[in-house]
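As structure tokens, here come the structures.
Each of the two complexes below includes chain A, the first together with chain B, the second together with chain C.
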Partner chain A sequence: MKRLSWDLMMTRYPAFFALIFLVLAVVINFILQPNMLSQETLNNNLRVFLPIVLLTVGQAIVILGGGIDISVGATVSIVNTILATRVGLDGSPEKMWQFMAISLLAGALAGAINGFFIAYLRLQPIITTYATSFLYGGFALYILPNPGGGIPASVAEIYRSWTPLGIPLAFYVMGTILLLWWYLYSTRFGRFLYAVGGKAQAAYETAVPVTWVQFSTYVISGLMAALSGIAITMLSGSGNAEIGAAMTLTSVTAVVIGGTALSGGIGGVAGPLMGALTLGIIQNIISFAKIDTWWETLVKALIIVAALATPGFINLFRRRRG
Partner chain B sequence: MKNRFAISPPLAALILAVVLFLLSGLLPNGYGSDMEVARAQAINILRLSVFLGIIAAGQTLVIISGSEGIDLSSGSVVTLTAILTYVTVNGEDEKVLLALFISLGVGALVGLLNGAGITFLKISPFVMTLGMSGVVTGAIIIANHGNVSGKIAPIMTRLIARPLSPSIPIPNALIIWLIFGFLMWLLLERTAFGKNLFAIGVNRVTAKLSGVNVTGMNLAAYSLAGALAGFGGFLVVGNTGVVMIQLGQPFLFPSIAAVAVGGTLLSGGKGSYWGSMAGAIVLTLITSLLTTMQMPESVRRMVLGDTLLLMISFYGRQKALRQ
Partner chain C sequence: MAQSLSAYNITKRYGGVLALADGNLDVRAGEVVALIGANGSGKSTMSKVINGVVVLDGGRLLLDGGPVHFSSPQAAKNLGIATVFQELSLIPQMTVAENIWLTREPMQALGLVNRKAIQTRTEELLALFEGTFKTDLHPDTLVASLPADEKQIIEILKAVSSDPWLILLDEATASLDSRQVQRLFELVAKWKEQGKAVVFVSHRMEEIFRIADKYSVLRNGRTVGEGDIKDINENKLVKLMIDKDSVFAFARTASKSDDGKSYCLEIKDLKTEVLRGVSFNVREGELVGIGGLQGQGQRDLLLSLFGDVRFSGEVKLFGNGSRLKHPRDAMERGVALVPGDRAKEGLLYIRSILENLMLPSWKKYGLPLKISKAKNDSTQVGASLNLKMAGLQEPVSSLSGGNAQKVVIGKWLMRQPKLLLLDDPTKGVDVGTKAEFYALLNQLCDEGKTILFYSSDEEELIGLCDRVLVLHDGMIRTELSGKNLTKENLIAASLGIEGGAE
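What follows is the complex of A and B.
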């Protein structure tokens, strides 16, 4: 009976390990940094994690639908450069809201271009989004060749230190996203998403609009990348065309640590969200553990590989025994 | 199956490369009507393609092996073995062979770890090799603390960077590549390993039921891919003569693009090394053309992205759902 429940946990709740990792990471971080749960520290941390969390959620939806999006980082860069050059340090908040709306449109458009090539022209996702990452990254560099520009401090301050009812803004954002996801999950679109990611051919034969579902996952991912770009711009307060480049592969890793399989159709969005938080906390732990700077890259990589390997090791061990 | 494009992807890529090269002569600072310059430029582009081409070989193997096979650690393995070669050889001709074996061995070991994680722990190749890439980069950072002392041997420069002889201006690297390409063809098309590799790429279950040792093949494919990336690192340092921490990373995604442009399916089971060679030539050609046209970095990236999209739109399309 016990064995059955373990297998059930594994198959029915792929985010199970993500939760364990997150709790473990929080506990270790708490030991190293006792004031971690104070309102200010919590807010400081979460506002840094939020951009990658948003990006990961978009990536997770694409991956659930059986694709992958390597261009998300470049979309973040586009949004960052649009905001930093068009709004400016002395821009008015109204202008900022206006360009935030434009940024969302730009993100959706970038996603729609990916979706068009992948869903309608049936190109291979990895290589297509790799190509568009050059397109978008080049465009961001075209908008802002050298780092600079900025957004008004009053707007950045909202993102950085607004804590309604004493709870950091990031919690509200993540909560909203989870609620939206759970709503989406319950709709027909949610069913279609898993069907397409699981086996597109079978989904097609049972009258699922495969092409349309694939297309919309990339648009969602583009929108989430735009949100991530808005968040990171408000965090940094300035523009840099390379800002998103390093975020792409992190988002894929976060999705997998969150228990969502790269093969598509298995997992969810809550797990990847926890995965992204875990990766952020790991970075925190490394800086608080006072590890020699030379060792940081290796230690971080080893922790990530260990996290990826743990579910496999446990299953291997259980199979040997059972 | 409609046979509208009977032309094979490797040939298409090669034709594209030739056409692009001929057109490039018409550019303001192209070679114009000077045949001597044209030949020198063509040879130089081919010479530069060698390194991307060799690194794409391992990538070709793991991609053909299917099940989302990919090797994102090849870039950091190139850096690692380049540094190891640099330090081991230290200017002495007699240590070159030792350095070559170390490069191949270390590459194969990293590949074996990748393969073990993917095969036994069921980690998806994308994240397993990405994680391994981080581990290797971390190890490099610790091992040389940001600076290394070493030197490549004269014989390496002679055998890799220089032409065959003063009268025959064909670079040795190109000859190494041709021999290498022939060996890869033998491996893929004329050995049991090659047959089994395509078999597991098409369908692992049917391959297993037909008596293919899927686990062993998967381990072998990743180990060999690692060893080939190691060989790439050895060649790259022999050509450049200097090492740096970011030596290999720029080759990583272009090596995957070269495989895709060459018509190898990223879903596995179909492809050739000739295709990857042609892909490497096309990509190197486009990159160097954009550089000689002196466009700003931003325009260069956008054009490269567009060209890549155009090329894969031409023959990288997957089967339609309706048949």
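What follows is the complex of A and C.
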């Protein structure tokens, strides 16, 4: 009975625990850094968190649909190197907008390649996207073998310090994303997404277009990775083909913290979004508490291993008892 | 809305097996047709032909007199044919309402799903079974949290929600309790009045006579009887289901008097998730059959004796109480299992015949590797089984179904087992090999080995076994032996007809 209500809790309010984590992290951070909620510090923090938030949202949609996308970090790198080499430090803002559109297309294409292999050729998501992550990562290195290049400062400045009505830009972006997700969730596509992630065979028997839904989740993920790449390029102002490499693990961890099950079909996007913010704040805490930074990766990996192992342990426990 | 669906001379092959040779069915609006047949008679294939799950190889399908072709379940659904699947097509992580309306959600402006409409329409549907639910069932209850019977009801409502003209109920009552069955039958009566047609696939005779207007009996893939249910009775139906002339001549050894021999297996009150208290004893050298419809607990019985399923109750092997927690425990005591699904459970298909034969006996041939001894023993076992192979190094996948099954038996014979548990070993095995099997089983019994033998083929049980335990719903319904061991009695007992053993 207890287990039942736990299941219900996790399926009905998947973001509940993410919210608790987030509040906890904010409180600890606030103690260590009392000026955290001032407008400037808030903006400084959020513009750093936003790229990973965008990446996590795409990852969450893929995972909800029963897949996983290990190649998102490499897509971020591709977009970063495209912008840094094609626009340049002395490029015009118009050129920047033009190549942002091209970046989005590149992201969608990267996602479509993943989607084609996984949905139409029925290959394993984790193996496929692991392989394409090297393909995309290699392509990013081909575009920009050594760190360098950049984007015009005037464009970067918009991202870094634009606070319309005194509210940081990141809030508007996150608000828009949540609104778009709510819309998607309320359409038939939303139902299909959960059905495919929950039990693809039953969805197929009920005439849900399973292949098409799976394909579209990877395209969405590719688009979100491109947005994330644009954001991180505006934040850093320069190009580096390795910039996205560490972001993949973070996006998966954020999804897990956000209460979206790695097995698919359970959870949402709001939870992972909060999870991404929580991870960002944890990073803050680590730097303020003067803990060595290598702890961060270890903690992230521990969270994922624990999330993967928990259902196994519960089963083992039940077998022993039963 | 369509008025009739007719199937004529349907044939369907699965590989080399002819599942349907001449299947016929005629359903009209406002009628309930019961589709009846013994195990393997082609009844489930016939229902899959009607709902488009399989594509037929020959024959004609007519909708309102005009030919139709169903390329997928969806095609049949679009023509108003809905199926209540026995293996449910529900998504556990979604709610009752979401499941029922999946792909047919009522919509509102901007492409949004109309959740209010879903809610109220689901409540209307749930009201059809109101009062029969054991749990507090709402439209937004998760399907994963429902018990089996309520999941089945949701599956029924899902089929009904598309407002079909023909509803195929495939063993839909198997997991329902009597009150829920009663309610379902009231609904069926109402659907009849509304001009809907129902095809009712069931093993329960009593239910067939309660709601069906017509019957259609299949035997060995052929329709052997059709008509009005009021013109027939249970006994006549059972007779129709039985094949008069047996295909095989069984070399049955005369029933020996076993009274002097000691018990090899004593089971008292064996319970698992499926079995509800089974007790019986088996003497050394006996060949005991287990009968009954598929899925009545036969598999659980064999697996628990092999230590592969958790059970409570007492099991004595060769006079000693046994702790069977792992197949290893059973193997050490000389028990062998020939599992029901040889491709999944019995063999490593891509590995060689030799490796497969050695697999349970690694202790004997393993460290240090005694490969020539293993080869000798394997060749010997292969010869005694008349195994037709190109060589011991060939992969098992190169063998025919019958020969592959010989490898499964052979790998256990290499261990000299004392008790053999056989789970439907002749399924998908050709006729010639079957005859060899029967001879082998008799020979093994003569050598003093004990055999517990489940088969979905009634004739095998009658031809081979000293006595047959008929399982029904997790319990032993009847024990048949001697003169009582006839096909009629066996089928009657399988179907749960009272007094079948008299």
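For the reader, a short list of remarks on this structure follows.
In this text, the second predicted complex is superposed on the first by the 280 of 322 C-alpha atoms of A that agree within 3 Å, B and C clash if a C-alpha of one lies under 4 Å from a C-alpha of the other, contacts with A are read in each partner's own complex, and residues count from 1 in each chain.
Basically, contacts are C-beta pairs under 8 Å (C-beta built on N, C-alpha and C of every residue); 3 or more make two chains touch, one makes a residue touch a chain.
What you are looking at is a predicted structure, and each value in this text was computed from that prediction instead of being measured.
Within the superposed three-chain model, A:20 lies out of touch with both chain B and chain C [touch as defined at top].
In the superposed pair of complexes, A:198 makes contact with chain C only, with no contact to chain B. Of the two partner chains placed around the shared chain by superposition, chain C is the only one that A:206 touches, whereas chain B remains out of contact.
With both structures placed on the common chain, the touch criterion links A:178 to neither chain B nor chain C. Residue contacts after overlaying the shared chain place A:188 against chain C, while chain B stays out of touching range. Of the two partner chains, chain B is the only one that A:133 touches; chain C does not reach it. By the touch criterion defined above, A:265 reaches chain C but does not reach chain B. Chain A is touched at more residues by one of its partners, and among chain B and chain C that partner is B.
Contact with neither chain B nor chain C is seen for A:167 once the two complexes are overlaid on the shared chain.
Taken in their complex, chain A has these residues touching chain B: 68, 117, 121-124, 126-128, 130-142, 145, 200-201, 204, 210-211, 241, 249, 252-253, 256, 261-263, 294-302, 304-305, 308-309, 311-313, 315-316.
Across the interface of their complex, chain A is touched by residues 73-74, 77, 85, 88-94, 98, 102-103, 105, 107, 110-113, 115, 142, 144-145, 158, 310 of chain C.
Contact residues on chain A toward chain C in their complex (touch as defined above): 4, 7-8, 11, 183, 186-188, 190-192, 194-195, 197-199, 202-203, 205-208, 265-266, 322. Those residues of chain B that touch chain A in the complex are listed here as 68, 70, 72, 117, 120-124, 126-128, 130-135, 137-139, 141-142, 145-146, 253, 256-257, 260, 265-267, 296-306, 308-309, 312-313, 316-322.
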